[in-house]
Every structure is written in C-alpha cells, then in structure tokens.
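Two complexes are shown next, each including chain A; its partner changes from chain B in the first to chain C in the second.
== the complex of A and B ==
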C-alpha cells in the first residue's frame, strides 16, 4: 500500500464512521424504548418528565439532536451517560483496555494454535493423522463462541474448578494500577501475582473467543499450505536438502498465508462483536459487557459512543490487515 | 572408467490409480558421463516418469514393479532415504519446466540460489553470495547484484530460467535432469536457453537428461536420443543417425510430423493411424488409451 492509498483509506474510514454515526443515531431513536422512562421514579409527574426530556435535549427534532451530538463528537466530547451520569469517553476509556487485552489475547491464541495445528497437519500429510485432524477441526468449526463459553464455565469453572468463573482480577488482591491495561501493566511492572491472576481470569473467555478462530485458521491455512506444498519451488527446495519443517515454514507459509490473513482480519472483527456476549457470560468488565448494560438502560449517548468505538476498531483492523498483507507479499505491494 | 554414469535396467512401473496400467515397460538405457540424452515421446510415453524416478520423486500413484536405476553403480531405488537425499540436489539436480512456478514468489533470488550451497556444501552467507554472483555471471546475467536482491516477479521468464539453470549447476552435479525447460518460453528465448544449457553442461562436464516432446529441440542439443511410446523404448541411438536414418516407422512418422522451416507451406503430416496400430501390436496394447 502506497502513502496515497493509505490516505485514501483513512479518508474512506472517516466517511464510514460518519455513516455509522448517522445510522446508529437514527436507529436508536426509531426502536422503542425511552431512556427517561428507565430513570424516573413511579411518582414523577408529566411535568417532571417533560423537564427531564428538555434537560437531555430529547424534546428537540431529530436533525437538531444529531447536529448537537455530532458537533460535540467532532470536538471529542461524546456526551454524558444517562444511566451512569459520567462522561462517555471516560467510561469507554476505562473499559476498552480490558476488551482490547482480551480480544488481542484471543487473537494471538487463535492464530498461534491454528498455525501450529495447520503446520503439523501439513507435515502429517498422507498419514492417518491428517484426516483425523480434519474431522476434529470440522467439529470445532461448528461450535460458536458463546457455546464454548458456557461449556467452559461448566467444565473448568464448575465440575473441575481450575479457573475463576468471573471478573477480570481477584478484588482481594488490591493491586493498584496506573492504567486500565492491567495485563500489560502488571507484566511491565513485574507484578507477577497480579499478572498470573489476570491470566487465570482471562483464560476461559480467551478460549471461548479464540477456539472458533483457531478452527477457521486451521482450515484455511491447511488448505493453502497443501496447495503451496506441491509447487515446483517447494520440490526444488526439497531436492536441495531442506528439512520438511523448513519447507512448510520458509517455502510454503509465506505464499499460503494471504487468504488466512484476510479471513483472520474479518474474524477478528466478528470476535470483537463476540466479546459482548462472552464478556457478559464471564462478567468480564469490558466494553462489550458495558454495551449490554447501556442497551438495557437505553443509555443513548453511551450506546452511540460504544458503537462508534467498535466501528473505529473494525476499520482500523481492516487497514492493518491490508498493510500486513502488502508487506508479506512483495507482488501485491509492487502492484499497489 | 567403464561404468556408465546412469544405467537403467529393465525398469517397469504401473499406475495404481489407473487400475494397474503400465507406465513403463522394461525400459533400459545407459548414460555416459558428460552425455546429453534426449528422452522423447508424446504425453504418457513415460519420459517424465523416468525423470522423476531419477530424482527420487515418483508420485505415490506410480509403483515400480521391476528393474534398477543404477547411478555410479548404486541402485537408487533400493537406497536408504538418507543416502538418496545426499545424492539428490548435489549429484543429481533438476531444471524444472516452468520458470513461473519454480521460484518462490516470496523469497529473494539470492536466498533461493544459495539454498543448495548453504544446505549441501555448508557455505557461509558471504561465501555463498560470492558463488551466486559467479554463477549469475556464468549464465550471462548482467547486473548480478541487482538480480540477487530481486524477487522473481521482477524478472522475465528467460531470466528466471537462467537463474534456475545456474541453480541446477551450482554444485557441479554429475547429472542434470532438464524437464522440458524450454516449453514455457518464447521461441527466441528457447534457442538461447538451449545454447546456455549446452554450454554449462560442457563447462561443468555434466551429463544431462533432456525430457522433451520436440524433436527440433533434440536436434539442437542432444548427443543421443531415446524415443518412447506408451512406456516402451521404441528407438535409441545417436541423434544425427536417428534423425537422418530412422529405423522405426514411428520415428520417421514423427520426423515427418515436425514443422519444416525450409518448406513452411508443406503442412504438418499427422502420424498415420496405421503407425499407432503397428506400435500397439508391437507393445501388445489392445486399444489406444489416451
């Protein structure tokens, strides 16, 4: 990707986010449910309700409401959460790191596990292990993240309780953190007790999110590797005495990784969507969990802020994937 | 030394996929040191099977049912894997058919050209680099430094084939198997590549097995020719003799079927069906299987 391509993509990203903002704003005002109804006491009079509506600007016309909100967003002000009465940016800033850490851990797990299994499967071509692997992987492909989450809760949380069932960190640990990136911070500051506890809390939601990704990576990568392994350049390298593992990793992998990378990008955005339900199941204090609360409370500014955040992540991930793909494939880079 | 470099004796093989159909029928041929031998035949004649057997890369669908391939007196077919992989890529190397697919698109030329030098000869990076520059010079590539740093897609087909030739001769092998190395190239480039293979072969004293379906190519480069049909050797002899005084009716029919540059309007003579009938009768095939 050239610099002008990148600028182009960034410009498109801004347009896309604008579109997302308009759609979310309109949709939230079309669907039934009134944020005011969620916060008033049963004894409130119609006058109280009207005053409250005016206070939040909900009595204005739709274009006017959008204009006010959007001008504020441009200034970096996402408004105040109706249910929590706090700045939306601040709330997202607290929760987003937890979700990013979880999603990134699941991504790393999924890609690594998938990559290792695909490589092993490629090395085991024409043995009995290969079809067995495909069969098991087929089963894994059929299980979605939330089913994994529930199964893991039962297996590793209840029947054989090795991992904590919920939360992000043991509250009795009383570790103080300067940032909201607990995992990274505990590692950097060498607080290993806290780090271990964070990992223990993260493993189950990470597996729930990462296992489906791993299964997809295995399938896509193994197929592409099988295609690459019969190319003449692999045969030549084999004749020159290259070991089977190096044949897969050095000769085939780089040429086979393209489709997997693109698909992983797409799957990663799905996975961030998946954090909403998985975080809920494990009471993990991330953005997704907060999104559900925001929807339940009809907290319009908070929902809008969260959706825009998710939108920005999706777009960023896609640009990143294209950048990596160009870097991995010299041909693609040469042709823009 | 009296021992030939390669002696194939009574080699027979069947295809397990095709209901046990024979792919090689009692093939015998010998190859002397430094000799260029053409293996000629239409598709399915068995020429590629012989080439693959020599390289130890027969597909799992082909099963050898009898015979030997002796390389310097040692039977390649009975050799332990480790010994075989010592010979392959060092004493026996391959010039592949299609330069488009024979170079890894994701690796620079230098890495690919020096693989053999580093893995088989244990050369260091600097030494391998120097040798690679020499090799590129030998195959008449100008600007070898730039080419070493390039990726395959930045080079032309002829250039890539030159690199593959350099790579095949890099370790001074005793035998190079050239698998239709000019089929994928322009006619003008073809000629240069043939000349280059011949020159490299003479300079390194290497024997070459040249697999092709093109008698015109054979006439340009081969000392001797083995003509195959349906896995059987039909005729074997010095190139000049075979092209001027063919012994078998199939050989003469093939020569007649080739284009004549001196009489471009003469039209191509297809090999008459009667010739195939006779071939099948000789070999003992009930019907023509194509």
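== the complex of A and C ==
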C-alpha cells in the first residue's frame, strides 16, 4: 500500500464517519418521546421547560443543531448525558476500557483456540477425526454469540455454577483501581485476587464472543493449511524428514496465515458489534450495555457519542486490516 | 425437476428443510396443536416444573411460567412471530439488496460509487445497536422489527450480489449476449440475474436465520412486541430473570431458537453446495 493509497483510505474513512454522524443525528431527531419530559419534575412550569430546551439547544433548527453538535464533536465534546447528567466523553472513557478488554480477550481466545484446533485438524488429515472435526465446526459456525451467551448462562451459571453470572468484578474488590483497565492494571500491580475475579467474570462473555470467531479461524486456517501442505516446498521438507508437527508449524503455517489474519480482522469488527448484546446478557458494565440503556432512556447525546465511538473503532480496525493485508501480500491488496 | 434432485441428495437440505417445514406447519396450525391458550394465566399454577419432574401439574408438559401460562403452548405459538419475521424481513432485504447490488455491479460508475459508500457507512454501525436504535425510533411492534432488520441487512445481499454480478460480467456468455446485440438491461435481467440466483437463494436462507436471531435479541431487550404475544426472545428474557426459580421457561424457547437458527443455517449452506457444485467461494 503506497502513501497515496493510505491517504485515500483515510479520506474515505473520514467521509464514512461523517456519514455515520449525519445518519445518527437525523435518526435521533425523529425519535418519538421528549427527553426533556423525562428529566423535569411534575411541578415544572412551561417557562422552566422552555429554559431547559434552550439550555440543551433543542429550540434551534435542525441544520443549526447539527452544525453546533458537529463542531463540538470535532473538538471531542459530545455534550452532557441527559439521563446521567455527566459529560458523555467521560462516561464513554469509563466504559470503553471494559469493552476493549473483553473484545481483546475474546480475540486472543478465538485466534488461539482456532489456531490450535486447525493445526490438530491438519495433523489428523485423512483420519476419521478430520470429518468429525469439520462437522462439529460446521455446527459451531452456525451458532451466533447471542445463543452462546444464553447457553453459557444456563450451563456455567445455573446448572453447574462455576462462574459469576453478571458484572465485571466483585464489588468489594473494585474500589482499589486507578485506571479503568482493571484487567491490565491488576496484572501490572500484581493484584492476583482481583485479576482472578476479573477473569472469572469475563470467561462467559469472552467465550460467547470468542467461540464463533474460533470456528471461523478453524475453517479458514484449515483450508489454507490444506492448500499449503501440498506445495512443493512442504513436500521437500517432508522428504528431508521433518516431523509432521514441525512441518505444519514452521513451513505451512507461515504461508497460510495471511488470509486468516485478514478475515480475523473483519470478524473482529463484527465481534465488537456483538459485545452490545453479550454485555447486556451478562450485565457487564461496558459500552454496549450502556448504549442499550441510553436508547431506552432516550439519552440522545450519549447515544450519539457511543455510536460514533463504535463507528470510529470499526473504521480504524478496517484500515489496520487493510494495512496488514497489504504488508503481508503486496500484490493482492488493492481493493475498495 | 432437474434442479430438485441434487438438492435431495444433500442431507443438510433434506434434514434442515424437513425441520423447517414441520415448524411452518406448527406455526400455521398452532391453535389446533397447542394444548392450552398461550395467554391464559392462572396464578395458582405459577412456576410448575415440566411433566417429568416431581410436583408437575398434569397437562402442562413443559411446565408453566410465573404467571401460570403454559410454556409448551407459548413456545409453539412463538414460531409464528419467528417465521413471519424471518420470511418477510429476509424477502424485503433480498429485494432491496439485490436491486442495489445489481445496479452497482452492472452499471458501475456513479451508481457503484454511491452504493458502495452507503454500504461502507452502514458497515460502520454495530448491527445490534443500530437495530435497537431503529426500533426505538420507529416504536416497538412487529412492523418496526421487520423494518429494522431490512434497513440493516440489505447490505448483506447488496455486497454479495454486487461482487457476483461483477464476476459474471467478465464471463464469456455475457460478451456473447452483447455481441448478439441484447440490450444492457436485457442481459442484466435475463442472463445475469438467473446466474446470481443460486447464491441469492442460499443467502436468503442464511438471512432468515439471522432475522430470527435479531427478533429474539430485540424481544430479549424488551423492544420487540408486547409481552402478551409469545415470542422466543421475550420468553428467554423472562426466563433469564427467574432462572433460579425455574430453568424451563428459559431452556425450551432457547432450544426452539437454537434449532431454528441452526436449520436455516444448514439449509443455506447445503443449498449453496448443492446449487453450486464448483463451490467457487
């Protein structure tokens, strides 16, 4: 990818984000239900209501509202949450780390689990294990994160209650943190009790998000490995007497990893989208869970802030995926 | 008949298709099959366990919820909403997405640039959040749920149809048709669309599974339909809240949801394989 390609890509990203902003803004202006009506006390006079509307800029025309709002967004000012009466950026800043930790944990799990299973499947080629693995993986591919989350609630939360069903950390442990990246901070400061508790809370939502990803990694990587295993250089290495495991890990994997990496990146954005409902199911205090509350409370500034944050993350991940794909395979990366 | 035979040789198509046919019959004849009225409450009979457990109430095979409503009847009736949403939402998404995809893939130029940019913008929204947002904007109810799914998922069809149309446009038969002097639109509708159709049919089945899930998610969040109307997602949400009092309100609609989604998925993949023996993708 050349510098002009990259600039072009960045320009497109900004355009996309602007499109997202316009759509969110327009959508929210037609939400039925008056957010002001939700925050006033029953004794408020019409003059109080009008003052409040003016305070939030709701008495201006739509293009004016968009202009003011967008200039503020560019300055990193998303306004004040109506339901929580706090700065939107501050609220997002508190919740985003929880979502990022969860999403990265699920990404690491999905890639590792998928990579190990694909390697084992490749070693077991032409045995009875191989079709069985494909069949089971086919079932795993069909189950979305929502269903995984609910099944895990049932299996590991109720029938065999090994993991806590909701939250991010035991409330008695959560007061010691200086940042919102609890998992990383507890590890760095060697607070292993807190770290263990965070992991226990995270395991079920992580599995719900990571298992579908693992299934996709298995399918893609296994196909790529199967292709690589019949290439001349692999055959040559085999003739030289290299063990099957080393053959897969040293020779085939290096050449098979490209397409898997690209697909994983694309799937990662889907997975970040999936955190919304998975966080909801496990009452995990992340960005997605707050987003649904914001929609239910008709909290316009908060919804706008969260959707734009998600949009920015999606676009950023896509650019990174393109860069990595271009770096891995300079010939075939030109698209879009 | 020539196209039916390879389909019947694909076990996934037969098994999943058979299950979905059965589900369709259950949905149509729910009033005759369901042992009880799904809305009938009896607080004296609340939280009764399924028939095999001790303390079960005769006649309530899968137990009752906290309001004493029959779980089996509610699961059976839930198939109506699930299948309605699946079929209507997938059809509308397919129509809109296919038209956009054909336009972008065949005519290219500005049409392609605008449609592709639109798809890019759409892909930057987390789908669950967007569907929740749309239902909040449109107001809850069956129409809103279907509209939300269509507004989000037309891009799935659009992307695939666009790519497929571009691939088909490179093939010899298209050039032959151009040489004969067929018009651009004639080639699009009579030559390209029939060749895109196999992919479309498989995608349609997959989309129905996705629509069932999205409806369940919206019901779960409490935004789909009023709690009077039995939906699997609504039952799961209700069961999730009282899961320690009785697992059955949660489990049975979850099994129904799982089986249905799995069936649509397997049918879609089976169709893709059966209709496209080369498996170009």
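Just so we're on the same page, the second predicted complex is superposed on the first by the 300 of 336 C-alpha atoms of A that agree within 3 Å, B and C clash if a C-alpha of one lies under 4 Å from a C-alpha of the other, contacts with A are read in each partner's own complex, and residues count from 1 in each chain.
Here is the rule we go by: a residue touches a chain if its C-beta (ideal position, glycine included) is under 8 Å from a C-beta of that chain, and two chains touch if they have at least 3 such contacts.
All values reported here derive from a predicted model rather than from experimental measurement.
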### Message
Quick check on the superposed pair: does A:291 touch chain B, chain C, both, or neither? Answer first, second, both or neither.
### Response
second
### Task
For A:23, decide between first (touching chain B), second (touching chain C), both and neither.
second
### Task
Quick one: classify A:52 as touching chain B (first), chain C (second), both or neither.
neither
### Query
Should A:240 be classified as contacting the first partner (chain B), the second (chain C), both, or neither?
first
#### Entry: Greater residue coverage of chain A in the superposed arrangement, chain B or chain C
C
### Message
For A:159, using the defined touch cut-off, is the partner it touches chain B, chain C, both, or neither? Pick first, second, both or neither.
### Response
second
### Task
Quick one: classify A:273 as touching chain B (first), chain C (second), both or neither.
second
### Query
Which holds for A:144: it touches chain B only (first), chain C only (second), both, or neither?
second
### Task
Scan A:232 for contacts with chain B and chain C and give back first, second, both or neither.
first
### Query
Given the touch rule stated above, what does A:120 touch, chain B (first), chain C (second), both, or neither?
neither
### Query
chain A residues touched by both chain B and chain C?
none
### Message
Show me the residue ranges of chain C that touch chain A in the complex, using the header's touch definition.
### Response
117-118, 120-121, 123-130, 132-134, 136-137, 139, 209-210, 213, 216-217, 220-222, 236, 240, 243-244, 247, 250-251, 254, 257-258, 261-262, 265-266, 269
### Message
Looking at the complex, which residues from chain A come into contact with chain B?
### Response
126, 231-242, 250-251, 254-255, 328-331, 334
### Query
Which of the residues in chain B come into contact with chain A in the complex?
55, 57, 60, 85, 88-90, 93-94, 96-98, 101-107, 112, 115-116, 119-120, 151, 153-154, 164, 167
### Residues of chain A that touch chain C when the two form their complex
12, 15-17, 19-20, 23, 27-28, 30-32, 138-139, 141-144, 146-147, 150-151, 153-154, 157-159, 269, 272-277, 280-281, 288, 291-292, 295-296, 298, 303, 306-307, 310-311, 314-315
